[in-house]
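Down below are the structures I want you to see.
Look for chain A in each of the two complexes below; its partner is chain B in the first and chain C in the second.
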Partner chain A sequence: MMPRAKLKAQKVEAANALLEGRALPQGGAWITRARSAAEKRVRELGLPTKRDEYWRYTDPRRLTAADVEPGALHDTQGEPPAFDAFDRVKLVFVDGVFDADASDPMALEGVEICQLSQAAMTDLHWARDLYGSLEARGQSPVERPLASLNTAYATQGVLIRITGKPEKPISLIYHRESETSDAMVHHVIRVESGAEATILENGPFATRFNQVMEVDIADGGTLHHIRAQGRDHERVGCAHFFARLGAGSHLKSFTLTANGALIRNDSVIWLDGAAGSAHVAGATVGDGAFHHDDTVFITHGAPRCESRQVFKKVLRRSAVGVFQGKILVNQVAQLTDGYQISQSLLLDEDAQFLAKPELEIYADDVKCSHGSTSGEIDSNQLFYLRARGVPEDTAKTLLVLAFLAEALDEIAEPAYAEDLRARLEAWFERRG
Partner chain B sequence: MLKIENLHAELEEDSEVKILKGLSLTIKPGEVHAIMGPNGSGKSTLSYVLSGRDGYAVTEGSATLEGVDLLEMEPEERAAAGLFLAFQYPVEIPGVGNMTFLRTAVNAQRKARGEEELSAGEFLKVIRAKAKELQIDADMLKRPVNVGFSGGEKKRNEILQMAMLEPKMCILDETDSGLDVDAMKLVSDGVNALRDAGRSFLVITHYQRLLNHIKPDVVHIMSEGRIIKTGGPELALEVEENGYADLMAEAQA
Partner chain C sequence: MAVLDETQMREGVDRETVETVQSMAGTYKHGWETEIEMDFAPKGLNEDIVRLISEKNNEPEWLLEWRLDAYRRWLTMESPDWAMLNIPEIDYQEQYYYAKPKSMVEKPKSLDDVDPKLLETYAKLGIPLKEQMLLAGVEGAEEGRKVAVDAVFDSVSLGTTFKKELAQAGVIFCSISEAVQDHPELVKKYLGSVVPQNDNYFAALNSAVFSDGSFVYIPAGVKCPMELSTYFRINAENTGQFERTLIVAEKGSHVSYLEGCTAPKRDTTQLHAAVVEIVILEDAEVKYSTVQNWFPGDENGKGGIYNFVTKRADCREDRAKVMWTQVETGSAITWKYPSCILRGDDTQGEFYSIAIANNWQQADTGTKMVHLGKNSRSRIVSKGISAGHAQNTYRGLVSMHPKAKESRNYTQCDSLLIGDKCGAHTVPYIEVRNASSRVEHEATTSKVDDDQLFYCRQRGMDEEEAVALVVNGFCKEVLQELPMEFAMEAQALVAISLEGSVG
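Up next, the complex of A and B:
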């Protein structure tokens, strides 16, 4: 074991080396303050390494390296992207850069949308207080320097303020056109009291991406977040989702991940007000050179809140799935209802699932449960289906989709769940 | 229809465990045969070996369906060829809707036979009518396959599957066990409705009572992996009265 101090010194040294000669982006006073503070955090925290407690199962080197390893683009074979059939306000990013021509006008009743690059020059009071603040809060008790790096250097992203109940979802679409793109995107979302909206995200993003989404939900607000990270194999990335929930507010965040050489999704959620609920779910399908890591940290900081974590991973060949999920219940958070399940279905012996479920409870009157399992396809079920004439591959696909159904069921709107389910079915049919 | 000759089967992982030890049986089109026999005599194993479950090794003998070698085929091919097994213990499949399951199965078989697939509308019409006859309500069709079904509901669901798939050779493994009197009647009516000159049945049961409803042409007594006696319906009555001891002793002699 390397002594902690020495490890820390190495991390800091790596951060300083990475930032050497790199200037902060241009911007107004408020954002420059936020960026400088974030840059300072990166230098203080240092870059993550596999020796860090929450990077034990996932090597961050390709995420922290100075240069991007080129990766081939994926042939979609005409398959339409996720959510294609839905009426929505589309905001398109190509290799992490906002594409105004490809995007819809940012006009939708009950929503204010602004590009980060524009806001950086003006003074958007609500965003000013938010940009980087949840990310900064999310550095403790677990350090997340990649998110600070993003706050410091991201120039792309959108600021979305939801003031009503918009009739359409806001759809963030990430195209990838370059084999060497290195994208940094930072979104800020504020859901005002009593407001409700759906944010969709989909697409391969970039050869390497570092995304941060900061979500602040005021009392009685509701946000549905549905994300389909998909398709391109040869890409790496990390996405941090920070959300703070006020009293009686609700969050549902679902992520489908298919393919990707290395994808790390951190969800950091604070239930700050009484009687809020946060549901975070994920369905993952990985085949071959695939490493996917879901790291979730939910803090119950007020009484009578409910949280759910439902993660399902189907893995085969050398695919690796990681789940690190924590429920922290502070002393004030009486009558907490916390639930966490992570399960993997390993389609062969080469696939691997690594899980680290954690509960830390300081209140005495709480209901918390967690479970993690790893299994294979049930041979009795498979035989039953085949005995009824269902071919083996179809039968396996049915069983795999059945396994993933519990996670997809976490999506409130069935039409979105069905869109993703159909894609999964196609994914399995293509692969046989 | 079904011809089994000198069938020997053992456990794949332990060849010491020999279960079928030279079983022969021939069922003609349109006939109903019953198999009775003590627990552990190999009745379910016979049904599994015929339908192609993993875990058993056939070491000798043959089984053909309309002259086609069953044992060489995958389970789904056997099903498409017209073989159906109503399981002694129907399997629960959480997350797969009963209706989706049945439609996938029906259409997979039709496709394998080069027939046109049923549209969602047609399928719905047929299944509603057949479910009604078996008193299976719409809710049961929507629920995941067998999940939370009572023992009797599971058995009725097996018969519904059989009615939808219209197989040529139906093997019913203790479909009567766990059924109340009314359900037994319902299930038997379902089976009898399917009886015709081109369809055969092999009914595995412990109770003569079922055979009052589903009248067999031939009754076989199975013991230790073999048919030890074959006769008419009266054989079932004899077992009901006297048990298997005499028959087994007779076979030993």
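Up next, the complex of A and C:
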């Protein structure tokens, strides 16, 4: 076994090698400060390796490699993108670069939107104290150097400030057109006191992507976040979601992951004010040699908060599903209600489910629980449907959709849930 | 002892034995020290110490080489840091690795020749080394059962009871140092076959310096005629205890094994790094129960035993079965994961645990269920209780390998918090690599239920009694898996361990 000090030295060496000769992007004083600090963090933390406890079940090598492995584009066979039917403000990125022509005007009542690349050039911006701050705070107790790398070097992204209750959702759309694109995108979202909005995200992004979304929800604010990560098979990426919730604020975040060679979704939620609630959910469908990792870390840092994690994975043909979920309850966080469920349905003998559902609790007046199950389709349920004349394939699809429904139910607005559900149904019917 | 007066004692049972079982008052009961002249090896750890231990035990060359190999591997290893434990740096050169009562230098031929002071020590602990019915001398209890005892005092085994009766059944139950002399082929065949020398840092250390421990061999088809028990006592100061237990259950055999441990109250911490290996062959069944009550340190976190233990059972052949039951109330630090390797088809592993941490105790304990054989089954029930400033972690692994088709695991981990300065943590690892297996894991964390406390208080119980009753209820699922004598002791311990945690 390699000594720990040597391992750390290797990680730091790898980080220094990756950053060798790489200059920080140009920008105003505030963003340069944030970027320099982040670059320092990367050098101090080193690059992650599979030997890190936090990467126990997912090898980050393809995410940290200097070069991108080329990946073929995916034929969607005419399938419309997610959320296509909804009236929304579209902000389009192609291979991680903002496409102004394809995007809608950034005007919507109750919302201020601007591009990171423009804000970075100003001397003063509302995002000044926010950019990189939640990411920096999210480095403890678990290190996430890839997110620091993003803070330091990302030039693309949007800064969204929600001041009211906009009538339309804001939709971030990620097209992929290159077989070798390597994207780094950093968004900052601030939900002001009492404001409420929905952020949609969809699309395959890039051949490799590293995304950070920092979300700050002020007291009494509400954010709905619904993400449908596209189906491109040959792409790798990690998406970091850092959120701070003020008193009485609410967050609902849902992610649908389908295929993709390697996808890591890292959500770091900090309940900072009393009586907040955070719901994080995900549905994963893996059909083939795909690796999906949902890692969630929820910190209860204030009393009377509620958190909920619901993750469902359907896996077959060598697909690997990972779930690492943690509820940390600080000593001040009395009257916490924490719940977590992770379940997988393995449709054939090659699929794998690897889970580490954790509780770390320092307050006594709490109600926390977690459950995790794994198994195949219940033969009794299948028999029940078959006995009523439902063909086997249809019966299986019905049972799989019913299994995933619990995660989809976490989406507050039924229309979005239905959009994703119909999509899943079509996939299962097509692939059999 | 009003309770005692009302109790009719059965003949042949020490008064103190019954006291130990019944006493519900007082804090750590076993904190006294036996004043006895000891023969120490020089302080510190090096190859010469390893040679010395081997020489003192009159070991064959291969075992010395085995120890030295372990020592050299240990030198290249690092102390594990992944547990949720705050372990002060241990100076391995400040420990004695071998301590033997002077009177034991000439090995006594039988227990009758053992220094009466040593026998008294065990009598005081409620572990009678005379061959007699043990414990359970309480009116209304069932017939007393015979239990054979191997008593380990610091580094050496004092003797083993009921040897003759066991020999008639073909059962070998002796200290591992005796086994090395009398049954070298068995020891050579199985030692290190479940926990190899370089398994982990503490197992490597143990492999290098283990001085004694118990050896059990149950021949094919034999149901061991009585329960076997080892009682460990650390007495000497600054002395580490490194015992090694090896249990081999041949085809179709059956044995129940009990283990208990205590140590004197001291300001300084003491090291205990044990290894238990169990080999279970076709259709055999081993039940291993532990009540761990090492000195936990005082209410300010001073002193106590650092308990680093590697326990593993290998269900090597089809339909082998193992059951671990543990009640962990003592030790300043507990690092212990009794594991089951379910290698054969239709094998079965069970783990029932109560871990109580009070004052400044830290416990990181759990199990590993490694399913390799088809249709293997495992069950985990863990109850953790934290009070005072203690930290209590359940850490467990359930792994279903690709070939372990149609296997099954059920895990339930419940944690109870008493007071707002302690912590309760759950760290399960679930790895499912085949679809036909089913894995279910549930965990809850909560505080002692106010309604239940109110109910007890209303009926005239004081708060501490009420908490003890509620906690005993919380632990019931595990307590009922213990052999009767142990269950009584454990129940009393639960109450004692939580003393001072309320208010």
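The rule is short, and it goes like this: the second predicted complex is superposed on the first by the 429 of 432 C-alpha atoms of A that agree within 3 Å, B and C clash if a C-alpha of one lies under 4 Å from a C-alpha of the other, contacts with A are read in each partner's own complex, and residues count from 1 in each chain.
Just so it is clear, a contact is a pair of C-beta atoms (placed from the backbone, for glycine too) under 8 Å apart; a residue touches a chain by one contact, two chains touch by 3 or more.
No experiment lies behind these values; they were computed from the predicted model shown.
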When the two structures are laid over each other on chain A, do chain B and chain C clash or fit? fit
Greater residue coverage of chain A in the superposed arrangement, chain B or chain C: C
Regarding the shared-chain residue A:334, is it in contact with chain B (first), chain C (second), both, or neither? second
Is A:346 in contact with chain B, with chain C, with both, or with neither (first, second, both, neither)? second
Applying the document's definition of touch, where does A:137 land relative to chain B and chain C: first, second, both, or neither? neither
Tell me the contact category for A:373 with respect to chain B and chain C: first, second, both or neither. second
Going by the contact rule set out at the top, does A:391 touch chain B (first), chain C (second), both, or neither? first
Quick one: classify A:363 as touching chain B (first), chain C (second), both or neither. second
Three-chain overlay, closest Cα atoms of chain B and chain C, distance in Å: 14
For chain A, which residues count as touching chain C in their complex? 1, 3-4, 53, 331, 334, 344, 346-349, 351-376
Applying the document's contact rule, which stretches of chain C touch chain A when the two form their complex? 77-78, 81-82, 84, 402, 405, 415, 417-447
In the complex formed with chain A, which residues of chain B make contact? 51-54, 74-76, 78-80, 85, 87, 90-96, 100-102, 104-106, 108-109, 112, 144-145, 161, 165
Parts of chain A lying in touch with chain B, wherever the complex brings them together: 379-381, 383-392, 394-395, 398-399, 401-403, 405-406
